[in-house]
Amino acid sequence: MNDFIDLFFNLDIMAQAWPLLLKGLIVTLQLCGVVIGLGLVGGLLLALGALSPRRWLKWPAVGFIDLFRALPPLVLLVFVFSGLPFAGLDLSPFVAVVIAFFLNNSAYFAEVFRAGIQSVPKGQAEAARATGLSQPQTLAHVVLPQAVRNVLPDLLSNTVEVVKLTSLASVVSLSELLYSANMARSVTYNSSPLILAALVYLAILWPLVRLISRYQRGLAVH
Amino acid sequence: MRFLDTFFDGAVMAKYLPELLSAIVTTLWISLIVVVAGLALGLVMACLRTLGRWYLTLPIVAFADIGRALPPLVVILIFYFGLPGLGINLSGPMVLILVLGGVLAAFAEEIFWAGLTSVSRGQWEAGRATGLGFGQTLFEIALPQAVRMGIPPLVNRALAITKMTALGSVIGVKEILTVSSSAQSFSGSATPLTMAALAYLAIFLPVVILSRVLEQRYAWAV
Amino acid sequence: MTAAISPTPSAKVHARPMLEINKLGKSFGTTEVLTSIDLSVRPGELVFVIGPSGSGKSTMLRCCNRLEEPSSGTILLDGEHVTACQGRALDKMRLKIGMVFQGFHLYPHKSVLANVMLAQVKALKRSKADAKTRAIEMLEHVGLAHKAESMPSELSGGQQQRVAIARALALDPKVMLFDEPTSALDPELVGSVLKVMKQLREEGMTMLVVSHEMEFAREAADRVVFMDGGVVVESGPPEEIFGNPQSPRLQSFLSRVNRGGE
């Protein structure tokens, strides 16, 4: 038992590692901000493309979505980080991570937006067009607000996935939270920094995960 | 032409193909165990939760929440680098199966449970009123409906988690990404990474397309 | 046809009530919804319960098979204590009490035939072959044998409700409880369900019906019970209840119903 506490919950080591982890946490949050922002915009555009009646828009969008849903994000990341330099594109780890996760994540957000837009009855758009709103206006003021509300749990759960996803950036030596923690582990030969990192992730994500469950239950009631 | 040589070098492809094939087999069997064990465990937990005993519900909810909130890579590192300090030595594939199976179980429990709670009270009453016991009503009436509702999200989740077998590359599991990464650094060519991407597409693209079909099917049936 | 329902030929002669509700009380927290209800249904009798919404009719009915747990009082079925049963014994008891719900509650993932067979096989432990024969027989009885292979979602509300009746009948219950069986139906579909109920009555089934179909009560009921505020206010033959209501509460209820205000 003492071994266990010493190896996993060593407060001294946690205290030593904390400044390093805090720096990592800031990188993680920056990464999340950029990837979620880009993912939402890209996802929305892709969803609109996938729902378009124009074939030259629809099929490329659907193809993009399926391609990047099928590729593991880590494979995408390694490909962008280690593969593209062969083509003469040398990217910093941060940029490589942003590109790889943007590709992965916009595909996921696109699926959520698509389901949301499809969940809004056609009559809503027709009513809006009948009152003289343009197509973009109809989308912005009538369809999207309802769509987003209908898929809010999925949007949230995708956001949680992005935060978890950023931990993969440690593989390409981007000094985010997990990388910093693992660094501290290998220096101290003690797993407490990893546990500390896990606790930080839990502190951020547990409330969101609870909220998602609440939502799903709430939807199930009626 | 330089592009083709870099990413689609025939000689490199031929050289590393056998190794890659055995890596594909590894990825497949690990995925299979993860999916079967994860879904089974999730189902059992959701069923136990219907009994409404706090001493069952509390640990199940805690497990499901933590499993959904923690990035799998953090847990993988803790298991792989931390547990040996306690004299518990798990092989890379074992760690991967335990962690990914556990994560899938956490998500599956929530999906099955959401399905069970959305089966209307009237269905339970109809079962009980015709003399069926609690277990019979659960297994014959509630669960089949819950599973059916859960199929699209379960397929998506199982897909997302089996893609994480690529995380095995961090702890030396000889799966697709590991083998192709090392081939890439030995050969000095990006071609093995292309092969890895194609291998993943061959495995997962059919599942992505299947998930589309299933979603459409079940969207209209309810 | 009549033989299928297995009524006791001498049913109406029996002295003992088939269903007996004694001093039934039910509260939700501090709210009392039923107060000392006494009601008995003789074999082969059709008793009709009317009353304003919130009067406790449905709760009373649901206490009879313990979907709702009574707070006090006893329920007897053919002399056996329903209220004393627990666990497996309660499941067995429920086999003898058929129930039809307002919302049908057919199992959407099972075919019509499988809906009618399920409890026969799992709870009554009939062989699949016997259960199937019995199910087809009951579906014929409600005029839906040709829909045996359909899924519930392919049926109209009236057809679904008739399947639900067949599902209950297939278990050979001693009494049938109907909880507003036609309230969820479009007006043009109500007739088909009432027809089946009338046919059941002619075959001697004991029935306790909560419903707003006053016309049907007038022509088919042996006795009408008026409930309000969790108590039985008045009961008697339909011609008295509708023709010569005694209590002011029943009078005002009937005038509201007749004006279509209910």
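Each chain carries a letter (A, B and C) given by its place in the written order, and its residues are counted from 1.
Note that contacts are C-beta pairs under 8 Å (C-beta built on N, C-alpha and C of every residue); 3 or more make two chains touch, one makes a residue touch a chain.
Just so it is clear, the model here is predicted, and its values are computed rather than measured.
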Can you pull out the chain pair that has more C-beta pairs in contact than any other?
A-B
Taking all protein C-alpha atoms shown, work out their mean, then name the chain whose own C-alpha mean is nearest to it.
B
So, comparing C-alpha centroids, which chain is the farthest one from subunit B?
C
Where the CA atoms of subunit A average out and where those of subunit C average out, how many Å apart are those spots?
54
Distance from the CA centroid of subunit B to that of subunit C, rounded to the nearest Å?
48
Where subunit A and subunit B are represented by their mean Cα positions, the distance between them in whole Å:
18
Mark out which residues of subunit A touch at least two other chains, giving numbers and ranges.
none
Counting only residues that touch at least 2 other chains, which ones in subunit C make the list?
none
At least two partner chains per residue is the criterion; list those residues in subunit B.
none
Under the stated contact criterion, what part of subunit B meets subunit A in this complex?
3, 6-7, 65-66, 68-75, 77-78, 81-82, 85-86, 110, 114, 117-118, 159-160, 163-167, 169-170, 176-177, 181, 184, 189-190, 193-194, 196-197, 200-201, 204-205, 207-209, 212
Complex contact set, residues of subunit A against subunit B:
3-4, 7-8, 66-67, 69-76, 78-79, 82-83, 86-87, 160-161, 163-168, 170-171, 178, 181-182, 185, 190-191, 194-195, 197-198, 201-202, 205-206, 208-210, 213, 216-217, 219-221
Spell out the part of subunit B that touches subunit C in their complex, as residue ranges.
120, 122-123, 125-133, 136, 140-141, 144-145, 148
Residues of subunit C touching subunit B in their complex?
65, 67, 88, 91-95, 97, 99, 101, 103, 105-109, 118-119, 122-124, 164, 167-168, 171
